[in-house]
């Protein structure tokens, strides 16, 4: 059973997707630690360390993710989080953006899977596939 | 006082603009011979000859004008209508068209003034100006 | 051979037409898929069906249009006929069709069905297997309708009044009645073979300041003329008036009156549906605004619980729309219908009472005409101005009724001409508008009212 | 120096803020153009005012946005604040503002008003000389509102409940009440100098299946808290529910209740206006459909006779709209309002009675709380779940009320949690929905109901 820490990053309080993600992950058999909205990157990392999670699944809806997630790479290095799968999804830019540009950018920050404006279930399918291949 | 023959050409029965044109021309002091809708080019020419009109002002709304007006040049030659001002206005093509292309085309058929999708009063202003210069 | 059969043989013999094989046609209709019949679709649907307009000269382009519509999950396919065919000028239609085929430029504003013929057209209708509605505007539509029915087109729009007064200047009205009697009979006959053929009247008329009572009376009369001949599925229709309340009032009254008058002539087994036309008058010259107008029309169609809506496109004021634009309009309307929920029922008793009275008095006057048949009574009533359609180009029409919009944009009668509406009703109508004494002020107001949906 | 004055001095002293010159500010407000006051505009308008949303990080871009809006003849200019400022995180706001200015990329989702300051911002508001409405979502908005009023922004949206329960997870609710009390007082004070400052509550809340009674109770309570402090112009608001009837019912009930409760606390000289929000929930991912949805919302706003509408754009589900897109939305809505006429009045007595009862019983329970002041009563009522907002991210909110849509898309309560609505009312609500026994079926229905406006 995979452990997943999830929540909405930064000053973002869009909670609806977060509630649905919680339900969906549980339905797929994950053990879920939901930090809810308005969660800072450090809090996510702390929770990952504490719960020994396999996945960190971050949502962002209000367009601010970039400002908050640039530092993932430094924190990853600091805490040596090598086996954790990093996922981000939601609405990942202010205004409209080209998908490919965004994906590249967030990968460079250390995310394995980047889902900009992707249906939740499509994203979670891909996550399961990714985890399957990894193990 | 200028005499003007007007009407809607061909199998076109859009009468609303025709009624307004009648009122507007009269208000501007023209003597109006309104043949109404569904009038063929030959009928127009006959009326011009009969009334000794200064202006032939044709409307077309249903997009068919081109099919009916190509023959103007031949009729003009046949009846030697040199002093008559030929005007056409309304919606002069099926579907959307570029204004310039249309104007050129209708001028080549013998029209002096071509008003595709032009406000009635703007067109009539230009007609008066044209008649002023001519005399 | 009956007179009707003789007439039929003459009609279908035409230099522009391939021979008709009536046995084969009957067999085709008898075994045709139910999905081709809108009467069947009406029975099994609880929302408002969506139908655009659309007709291109060539078969190829018409086919492509239907492909686009299919993608938008259209309910009813349109087949709009070009205006040469409407005037039975198949020669010009052929010339323009040839030019269109040769030059890839559309030289016709619709599909020349008679020239294409039923054998070709049927391939298309059966391929898409959705109801097709024939939109024309033809006073003598006998050959056209024979061709349509043989093609698998089982909804026929029009009627002797609604396709004549707005669409023709000189065509003899009495002939139109006889020609349409023929059409009704053919429709009624074929209706016995499978699901009923649906006939639909064209309520918008000239789409220019037509008062509700005139629209409704004409709808009722065409309905009665059709039911008389044995048609069992009929749609009455009207177009967005410019006032939401007036639309609701019209819908409520027309539904009640249709029942009432059908019963009055002893017919209880016919199905009457209500069709709503999106704004049919002059459109704004702005495509975004046109989209807004179109969506508002869709909203009203649901408010008045129309069984079908006939839609426009954002290109309306420019010209025949591209097929993509047309299909987009279908998709948008279907979206609005899907998400628009919880619609209240709108009733305005005072307005409904007034309109009902007006309709009854005109209908009474028509019935009281001394002629022996209904169509002659109606003919006489139009001839003497008991029925009078504003802005009709037809010579027989009186054009003495004058209407204007009140402050809520309701269309109000300020001159009744020969129309036999009571003094009370006229007083009611006039009480709603502040009338200027000045004649040019009235004319300017009318011009403004024609452009009521402009930017 | 009063306590209020002391508080004020502390607030405006902030490392990110230039000094406040209160004498100058008073003088500015005293002599400000009436056109800057929406309260003045409400008085002199008989249609629904149009207001979009919109905030860009840089002054330059905000100015350009206003230029676009001006061209579309906007009624009320918006100033949407970025979410760092909303959380009083002026440091991050400054960092992102600098980045935005340097890189021509918007690194904030709104205008960081505090960082720009009132001296700068006022230049913009007075230049355009139209009412500006401040949209934020800030629990502690004291500094923000001081800055806004000094900038010539004379409509302040929000309130201790509506800007907390949907917008915050941890911010202490009791503090929010006190901070807003401060805001009300500042608004009331400045209201004496010229036209009244308008306060507006944020009715949409989480925009996710909030039942009408919860919305209305919260609107009434924020209104009362504001009037108590001396505010004389207040707007209650709600968002499109998904059912036209439910919208009409809400509008009728909220208007009556606002009058009733204002009188109840002895206030008769305040003006209460009604604001309607276009669909605030999840938008379709199709821009054409979004346009349709937006237009339908505009239609409903007129049906319910809202005094103002707050609009969305076709970009809603994608991100912050471009200014052109936003201005187009204004122009479209204004067009629809111009041409949409003859609107019927919609009344549903049964629904209105039920909703009125629900509102009264919750209000009664709040008033019956043993605390000494209204704000403490309200605080306690939220804390113990008498008021419970579905999908609130805030820790204090119970999240025990469960709602679902009935077949007409009306939002119905199926679990009342601690909300003191009567058994009769709950039975009425539940009678409207066919409830599945299966729990996952209910969850799936809720997910579907959240996406009710999707393609």
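Labels A, B, C and D are assigned to the chains in the order they are written; within every chain, residues are numbered from 1.
Here is the rule we go by: contacts are C-beta pairs under 8 Å (C-beta built on N, C-alpha and C of every residue); 3 or more make two chains touch, one makes a residue touch a chain.
Predicted model only: the values in this text are computed from it and were never measured.
K.L.:
Roughly how far is subunit A from subunit C, centre to centre by C-alpha average, rounded to an integer in Å?
P.N.:
One centre to the other, that is 57 Å.
K.L.:
Measuring from the mean C-alpha position of subunit A to the mean C-alpha position of subunit B, what distance in angstrom results?
P.N.:
For subunit A versus subunit B, the centre distance works out to 69 Å.
K.L.:
Nearest whole angstrom, what separates the Cα centre of subunit C from the Cα centre of subunit D?
P.N.:
46
K.L.:
Taking each chain's centre as its mean C-alpha position, how far apart are subunit B and subunit C in Å?
P.N.:
Using C-alpha averages as centres, the distance is 31 Å.
K.L.:
Which subunit D residues reach two or more other chains?
P.N.:
Residues of subunit D never touch two or more of the other chains.
K.L.:
How would one label the connectivity among the chains shown: line, ring, star, complete, or other?
P.N.:
If you draw each chain as a dot and join those that touch, you get an open line.
K.L.:
What are all the chain pairs that meet the touch criterion?
P.N.:
The set of touching chain pairs is A-D, B-C, C-D.
K.L.:
Applying the document's contact rule, which stretches of subunit A touch subunit D when the two form their complex?
P.N.:
Residues 11-13, 15-16, 19-20, 23, 36-38, 62-64, 66-67, 91, 93-97, 117 of subunit A touch subunit D in their complex.
K.L.:
Going by the contact rule at the top, pick out the subunit D residues touching subunit A in the complex.
P.N.:
83-84, 86-87, 89, 92, 96, 106-109, 166-170, 206, 208, 282, 285, 315, 318-322, 391-393, 443, 447, 450
K.L.:
Can you list the residues on subunit C that touch subunit D in the complex?
P.N.:
241-248, 284, 286, 288-289, 291-293, 295-296, 298-299, 328, 331-333, 335-336, 339-344, 346, 348, 408-410, 452-453, 455
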